[in-house]
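Given below, in the form of structure tokens, are the structures.
Two complexes, one shared chain (chain A), two partners (chain B, chain C).
Moving on, here comes the complex of A and B:
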């Protein structure tokens, strides 16, 4: 490192006079951020100098408050002043309908939206576990180089192309109505939720395998070379060196796909599984009022927003870890 | 005029409302003629059942699609007076247990499915009260597929539709019987507060008095009405 060369042979920290050391600890200096203190990322981003200048201070607060009020006020005004506003508010935002939909009343023909979200939760938890494993397997197979695995590589490529290209709703229909119709015994007698989870797994594993591949490619070739030169076999270098780094890089993308999966469990409702959006649809068709959909949407938001904020926190923490000490 | 797609006999024929055949098509053209419109002035649009009650201006004058009147629905849309008093019938698989065993106690043990939001589904839940929760489907087509692929054992719908499905659409099914009337009737669906409903009600009353409605029912629906009655 150049600053060591400029100052002659290496000395221990104890030998460096206090003033000399201080110049390396100023903000923006070479050692800034590495000894106590907050990391100083440069330029843009949440810690950049430019955004700090604009967002702090009384002027910044005044500007952001005013713009928020104007924006929200404009949207609310358009909504309230539109000619059809009263009808829409009754149809979509009626409190007693929302409460009735949340509670449900089977004797009148509709089920509880609040209870139905539990089926969504079970579906996406089950699906996510299988997707993470299956996606990784497909990605590793596609990244392999041995000629023995060639047929598997071809099959994986076709699988990813097909299931990224076909809309999830069609996959749900084909599996949910087609497999029972084939009368294959045990396979054809499962509940609608099972076929729905299968469709979600097939479709999302294709996407997630591409995310894994991006992660595997993001690990520098020198890591692979170093692992091999230490005598690790291909499988062991993958397991102990490549995968930990690859997965750490792509955790935000995986969480993003998980949030998307939580919403897509709503599509399983077309098979007759009484999940939240299907329960909302049943209520709407029975009473001719759409407020149940607002209830279902709110429940989905309660599920997905905490995860979204957690993803943001992870991205920030990862950024701090990677950029600590640099300008 | 609006209706769904596909639509079935005996309400419409060949999924083509403009040919005027089928009970609902015939009633529509009769009402239009009473109001002074020529057949060529009647235009049909496609409106799925689940969209027909959305708020706001509609792209049709009224929707005729076997929609049952309920007081709760009448708060959201406006219904015309009745053009058919329907009863619910039970469609089952021919070689299933339901054909022989359909006492009220036995009916509770079977697996039903039905179209969501229909009075048929509400009938199953409230009157038959089966022990297994009935499976909901978005439209009648999916219900038929479910019966065909043995995912459900029976479903309920209005008698003429039930008879048509059993005779034509799902080969392995049959209508076991129809349930006693619950006072249900079909009405045409209008946007809430639409003034046109007054004119249509006048036309329907005039047609009923002239015997036209009864003649149309005899012509299109009579053969579907000679089905035994069973209790829920």
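Moving on, here comes the complex of A and C:
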């Protein structure tokens, strides 16, 4: 919470020269512009801090470019010159196999990895919405103080302890194989994806509730006092004053968990759901070529990278909005 | 706090505190405070840090739960169990040392949030009222700014406006100038003077002895959880009776604060 106003300007005075240096690091970038234009910005956010730490002017850029080229060149050279390079390139990077794996061909016994990623996306979206809500509810319950909610607090604490501690894969197994075996009618007749999403929700809500809790704790008590002293109810204080600030503080952490969640939808494959990594696995065991895994990996990257950029965008927009002094 | 008009007790008394005690853990901060504030009266609380001034104000606004004693606000006992603390707080504005503006809202939303959400005022009317208050205190051009972009003095004036927007009948000011750079103190004190002139009932915890002498109808000196002495400022600052008050004022004078 160093960006809460009064710390910002004071700290920035000493930092101005280094901030200017930081502009060279991200030429023309929005970050460079806003830091140069508004030195008050320095107190806020991981972006500002990172650029300051990394910056060392034009010479630094030249050095970092050179070292990057050398490093990447060395890795590529080692890969190409390795004794087994040709075999690996054929098994993992065959364009022909990649294309086949992407399209799929049920008559030959394998599924389309490209179509299967759609199941990952749907599982991710369904799980994310529920996790955001459930995680918040658990966090708010755990942060509550009233004696009435004491039993719920105990339950929430046990829930978080258990599901943070048990590997997600085991939760997937237990739900995916255990619940159908119970023969509980409707409950036992769901698809593998439903059990998988349930397992993801249970596991991730426990994590995300802790992220929320950290966010709630990051809002200073004086904000609660200010809200309550104006006659706002506990609920309205939470809704309009505490939560918006808490969530702003934890957006990067939340998005980080969701990138992880996107990947972990692959675990549902163990239940037999044809998601991207399972489809890639089937392709590999059918054709003895692993290029399908690279296709699946690339598809997961295509999903996660936009999310990462979106996080950056949100952070920047929020900061610019407050520092520009307009709506 | 449904109908203050119906309250029978003590007309003209805004606030009546009797035997108030408050502890934090093993530390007893308030050890039996009796204080009465008449409507339109401006009472200043002075005393060293840790003497209990802030705690007294926070108890009056029910931000702290008291251990014993009672607080009567406009004829209604607000320390009884069945009172709706939100209704009480709507009548009592409090301004803090550290402003405590909401950093994610611009000035206008800071000021209108509580009227809209706690009083149910419709948005347009709340904004009109907020604008006229902001204008009255020289902040007309700041309504779209975020607190980060304002000076400390401006932030504190916004905090005062935010409290006033609830139409409080009593204002509590908790060392509102202590966090300000010296050159910004006067703009905030001017606002408080204007409120006093307009007849606002206020209890002010302050380290600004000159200001207290200037504005207060009565000054209370707190030490170690007790109100040691209370008197009109002319009396208390020139002829303090209690030995502890004399000692405190000597220290203040030698520090050049009076």
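Following the convention adopted for this analysis, the second predicted complex is superposed on the first by the 251 of 327 C-alpha atoms of A that agree within 3 Å, B and C clash if a C-alpha of one lies under 4 Å from a C-alpha of the other, contacts with A are read in each partner's own complex, and residues count from 1 in each chain.
Just so it is clear, contacts are C-beta pairs under 8 Å (C-beta built on N, C-alpha and C of every residue); 3 or more make two chains touch, one makes a residue touch a chain.
These numbers were taken from a predicted model, which means no experiment stands behind them.
Once chain A of one complex is fitted onto chain A of the other, the partner contacts of A:150 are absent, as it touches neither chain B nor chain C.
Of the two partner chains, chain B is the only one touched by A:287; chain C is not. By the touch criterion stated above, A:181 is placed in contact with chain B alone, chain C being left untouched. When both complexes are overlaid on chain A, the residue A:107 reaches chain B alone and has no touch with chain C.
Judged by the touch definition given at the top, the superposed model places A:310 against neither chain B nor chain C.
Once the two complexes are laid over each other on the shared chain, residue contacts for A:248 go to chain C alone; chain B is not touched. Of the two partner chains placed around the shared chain by superposition, neither chain B nor chain C is touched by A:71. Legend: residue contacts after superposition of the two complexes on their common chain; A:231 is shown touching chain C, with no touch to chain B. Chain C makes touch with chain A in their complex at residues 58, 61, 63, 85-87, 89-90, 92-94, 96, 98, 100-104, 106, 113-114, 117-119, 144-150, 152, 155, 162-163, 166, 179. Every residue of chain B that touches chain A in the complex is listed here, in rising order: 49-50, 53-57, 72-73, 75-77, 113, 116-119, 121-122, 125-126, 133, 135-138, 142, 145-146, 148-151, 192.
On the side of chain A, the complex with chain B involves touching residues 84, 87-88, 90-92, 106-109, 177, 180-181, 183, 188, 192, 269-270, 272, 274, 278, 281-282, 284-290. Interface of chain A with chain C (complex): residues 3-6, 8, 40, 222-223, 225-233, 236, 240-241, 244-245, 248, 321-323, 325-327.
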